[in-house]
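One chain, subunit A, appears in both complexes that follow, with subunit B as partner in the first and subunit C in the second.
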Partner chain A sequence: MGKYIQKRLFKGAITFFITVTLTFFIVRLMPSDPATMLMDPRMTEAQRQQMLMDFGLDKPLYIQYFTYIFNLFKGELGISFMQKREVMDIIMDRLPWTLLLMIITQAITMLVGIPLGIYAGYRRGSVFDQVTNAFAIFGISIFVPWLGFTLLYFFGYRLGLLPIGGAYTPGVEGGIQYFLDVGQHLILPIITLMTIYLANYVLYTRGSVIDVLSEDYIRTARSKGMEENRVLWKHASKNAMIPTVTAAGLMLGRMVGGAVLTETVFAYPGVGRMIYQAVSQQDFPILQGAFIILALSVIIMNILTDVINAYLDPRIKID
Partner chain B sequence: MKNKNNFLDRWDKEIKAFFSHKLGIAGLIGVSFLIIVAILAPLIVEPVEGYGAFEDKLLKPSMDHFFGTDDMGLDLFSQVVWGTRASIKVGVIAVSIAMLIGVPIGLMSGYSGGILDTLGTGLTDIFLTIPMLPLMIIVAAVTESNSINTVALIIGIFSWPMIARITKSSTLRVSGMQYIEAANSLGIKKRDIIFKHVLMNASTPIFVNLTIVMATSIITESAISFLGLGDPTTHSWGKILHNSYQSGAFATAWWYSLFPSLAIMFFVISFNFLSMGVRDALNPKISRE
Partner chain C sequence: MEKILEVNNLKKFFPLKTSIFSREKKYVQAVNDVSFELYKGETLGLVGESGSGKSTTGRSILKLIEPTDGQIIYKNKDITNLKGEKLRNTRKELQMIFQDPYASLNPRLTIGEAISEPMLAHNLYNRKEAREKVMDLFHSVGLGEDYYNRYPHQFSGGQRQRIGIARALGLNPEVIVADEPVSALDVSVQAQIINLFKDLQDEFGFAYLFIAHDLSVVKYLSDRIAVMYLGEIVEFCKKDDLFNNPMHPYTKALISAIPVPDPTKKVDRIILEGDIPSPVDPPVGCKFNNRCYKKMDICEKIHPKLQDFNGHKVRCHLY
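Now for the complex of A and B:
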């Protein structure tokens, strides 16, 4: 097990390194020159040079790259073009909001989606299965921003039941009240982000339960006279979980994409919305930093998923 | 000769299975409908551009404007119809590029083994982990003044990992079969085995995944356009949603965001149904109820 985790960490490190390298060169090699973005036409030539030096943009590309990597190890991601603040500080202000949204969504999705998928797969062809399936197909096809709009329109504008954006009401402070306020702001973004992943979970779990149920060991268990409930929830489910957990790891990356859209629609102050804002302001250090941190979160969560999987499936540990 | 007949019989069964799959047929009809609309767009409705008349601003759906008008006074029906064309175009370009990159990488790692396998599989795994949408957003943001082709290109370049993975797993399955072993022992060139035998037999799961990539590429295009990074001169469903969000009109004019969203859903559901029909027709374990 220890060796497996070691191997997994090494792979995670390589993934992270490639992510950083890729984003660095994408941002630097593209036609739009970050230096001219910063310039104010009223600047003198000396001020121009000074500014380029401040941001390290006067050095050759490979020096810039190594400096970037070196600084990354010190936890520095450069300075925002627009806000003139450390990118790391800006991201750290916002990351908790995104993690809060994503972790709650992930937890609810797994708690609801997996049992639903197992039962639908078990009762394949039944009304329950067909209804679940119809909803799941609807769910994977929906366009996230539109779901956001619709929920905002009904619950925010029409009914006035829930806040129409943000993550908290400014001024509400102190204990339970703040807690409730944040919770209220989270409801619509969670539903929006959850729908698509819930649907994916249900379909994955359903598919793998159907596969597992036709295996020989299930027939053996049944022919031994084992109770159906035990066959389903103990034997079939545990094995059906393996592909589901693998898929869960891969879906995390897509959930980050969904978070960008969801946070944008709900004006939610997370890293996703920050990407949207940085895009419209052409603030490349922010864009680069935000992506690196999001990718790092996904890589870490993926390692955790794989370790859980290795725990579930003894065959993985051997290799 | 006898072999050929067997081959035909084999496919005959699958075609029959597909045509008894209700969702698969619905998907096929939906996809055909979208392609027809995309091709015939100029005959259906004239494209709109610029600014409409002031009194035409945000009109509800009516006989004059089936889907209403936007905040510029432009007909939304026309924009949605022309958006179909953009979507099909983006989908076809993106899928072709994803296939051109993904299939060779998948074949390479599935069939050759050794260092090429480690490299190909490792690369695929890494790119499957990295959050692709934000990465595509960044690329779209740095390539200024995107045309619809650029957007399609970006989507294609970053959609290959899924194809590579499925190509690899089907290649692995096929290359373990006896007829490949037989071809090997007959001394047929490795390249010929890969392209003639392995790829031909692994192509159906790849096709199923291409339709899924088609569906996701439209969601991605819509997301990129929704964030304001799409082609400003081409009508696309995501662009309509971008306009409705930017102008704030989505809070008052429900039709503004509803129709393009329904179009996106129709597109995605049709392609998903089609892929389900094909998959189930090829995999009797799942389809046998």
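Now for the complex of A and C:
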């Protein structure tokens, strides 16, 4: 097992290195340079050259590349054009909000979606299965801003039960009150995200439970005199979890990228909204930074997924 | 001899999916009116080609599929309609060995867990006793004790079938239904496993219902043999009677097909024409009439009854 993890880590490091390199060159391929983009029409050519020197853009490409990699290892992702702050600091301000939202959402969605999927697969074709499927498909097909606005309109505006955006009410501070306030702000974004993520868990799990239930070893378990509950929840479900774990790993990996649409609709101060803002302001260092963090997270989650799968299925392991 | 299991007029019809416009509902008549009894410590061979309903018969007895009609009596108790707890307790005494040793073991369980699971679930032993019992079983079926913590994929076909046998023996069954237990194995391994079956029966004294499509396999093990064709028993008698004096034309054809390990000896093979007809739409009269080389006019009109000639039962108009 240890050797397997080592191997996966090594592969992950290579993947990250390639990603980071690609990011670097994609940015250089753009027809413009940061100095031109930041430049005021009133600036002179000499000022522009000065600026390129400040950014280190006058040096040969390979030196720029090594500086970039070197800075990356120090945890420096550059400076935002618009906010004139370290990109790392900006992302770190946003990340906790996004993680708070996404971790809660994913946890609830898993807790609800996986059992639903297992039972729907077990009772394939039943009313329960059909209703679950219909809801899952409805959820995955829905247009997120529409759902977000509808929820905001009813619960925030008409009923006035929940706040109409943001992550906290400015001024509310200290202990339990702050905690409750943040919780209230989370409810609608969580419902929105759950609606769209639920299908992933339900449908993957359902499909794989249906496959597993037709396996011979399920018949064996029944012939051993195992209770139906044990057959379903122990023998079938554990074997059926592999595709679900893989899907969950991918979704969790993308978590740090936030949810661009949802966070924007709810004016939630997370990474997703930051990306939305950075795109509209052409703030490339932020985008580049977000991209690198996202890549790192996806790679780590992939390694984790592989390790969990190797644990779940003894046939996978080292080879 | 003590009668342990009795099957009376067993029927299993699988409904076919028909279009909503067709008026009549069609059925696959997998097993049609099969009756036999099994005595303590004996081996009953059930032979027939694919589609003859032999596996369906075996599985119906363990109630892995619900019989459409008929009666299954185990130790003078009607178990046909048992459900839940009572069914599980009966299954403990009626165990099955499956055809495919690869697919019938749960890949997520070590073989020790797979074998000890039912013992623990039925509260036959505590954990420590169960482990000892598993070791005993390993010894009985010729597996090493250090295999306890290994997974199914780490074993060869022959070893897996030994595991399957150990699993079936774990609950001290009185009846073992072996559904083509050697047909997935290569010939040299087949011989070992068949010998193992024989040794185990001498040691533990259970009754076998041994299902096979290969007469030579059944010949070595069985006390009595039932030959099935299209869901019916066509001939049923003591092993020696069957091989020395086969009565049904189908049985004769099967016996003539057994390979003789002597290339110089000339054998008169009876070659049957065509395939087994569809069990959805079996021939009128004798079900064998379209392939029979001794067909008479009556065979196309009247369905022959199973007649008893001093314990040698045959379903044919010739007699």
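The rule is simple: the second predicted complex is superposed on the first by the 304 of 319 C-alpha atoms of A that agree within 3 Å, B and C clash if a C-alpha of one lies under 4 Å from a C-alpha of the other, contacts with A are read in each partner's own complex, and residues count from 1 in each chain.
Assume a residue touches a chain if its C-beta (ideal position, glycine included) is under 8 Å from a C-beta of that chain, and two chains touch if they have at least 3 such contacts.
Not measured: the values here are computed from a predicted model.
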Practice item. Identify the partner contact of A:I137: answer first if only subunit B is touched, second if only subunit C is, both if each is, neither if none is. Key: first
Review point. Which partner does A:T220 contact after superposing on A: first (subunit B), second (subunit C), both, neither?
Key: second
Check your understanding: For A:V256, is the partner it touches subunit B (first), subunit C (second), both, or none of the two (neither)?
Key -> first
Exercise for review: Figure out whether A:W146 sits in contact with subunit B (first) or subunit C (second), or with both, or with neither.
Suggested key: first
Check your understanding: First (subunit B), second (subunit C), both or neither: which does A:G166 touch?
Key -> neither
Point to revise | Partner chain in contact with A:G183 - subunit B first, subunit C second, else both or neither | key: neither
Review point. Where does A:P96 make contact in the superposed view: on subunit B (first), on subunit C (second), on both, or on neither?
Key: neither
Point to revise | Doubly contacted residues of subunit A, that is, touched by subunit B and again by subunit C | key: none
Exercise for review: Using the touch definition up top, name the residues of subunit C that touch subunit A in the complex.
Suggested key: 62, 64, 88-89, 91-92, 95-96, 98, 100, 103-108, 110, 117-118, 121-122, 151, 153, 164, 167, 171
Practice item. Quick one: which bits of subunit A touch subunit C in the complex? Just the residue numbers, please. Key: 215-217, 219-227, 230, 235, 238-239, 312-315
Practice item. Please name which positions on subunit A make contact with subunit B in the complex. Key: 11, 14-15, 18-19, 22-23, 26-27, 30-32, 124-125, 137-138, 140-146, 149-150, 152-153, 157, 207, 210-211, 214, 249-250, 253-254, 256-258, 260-261, 264-265, 272, 275-276, 279-280, 282, 284, 287-288, 290-291, 294-295, 298-299, 302
Check your understanding: In their shared complex, at which residues does subunit B touch subunit A?
Key -> 122, 125-126, 128-135, 137-139, 141-144, 215, 219, 222-223, 226-229, 241, 244-245, 250-251, 254, 257-258, 261, 264-265, 268-269, 272-273, 285-286, 289
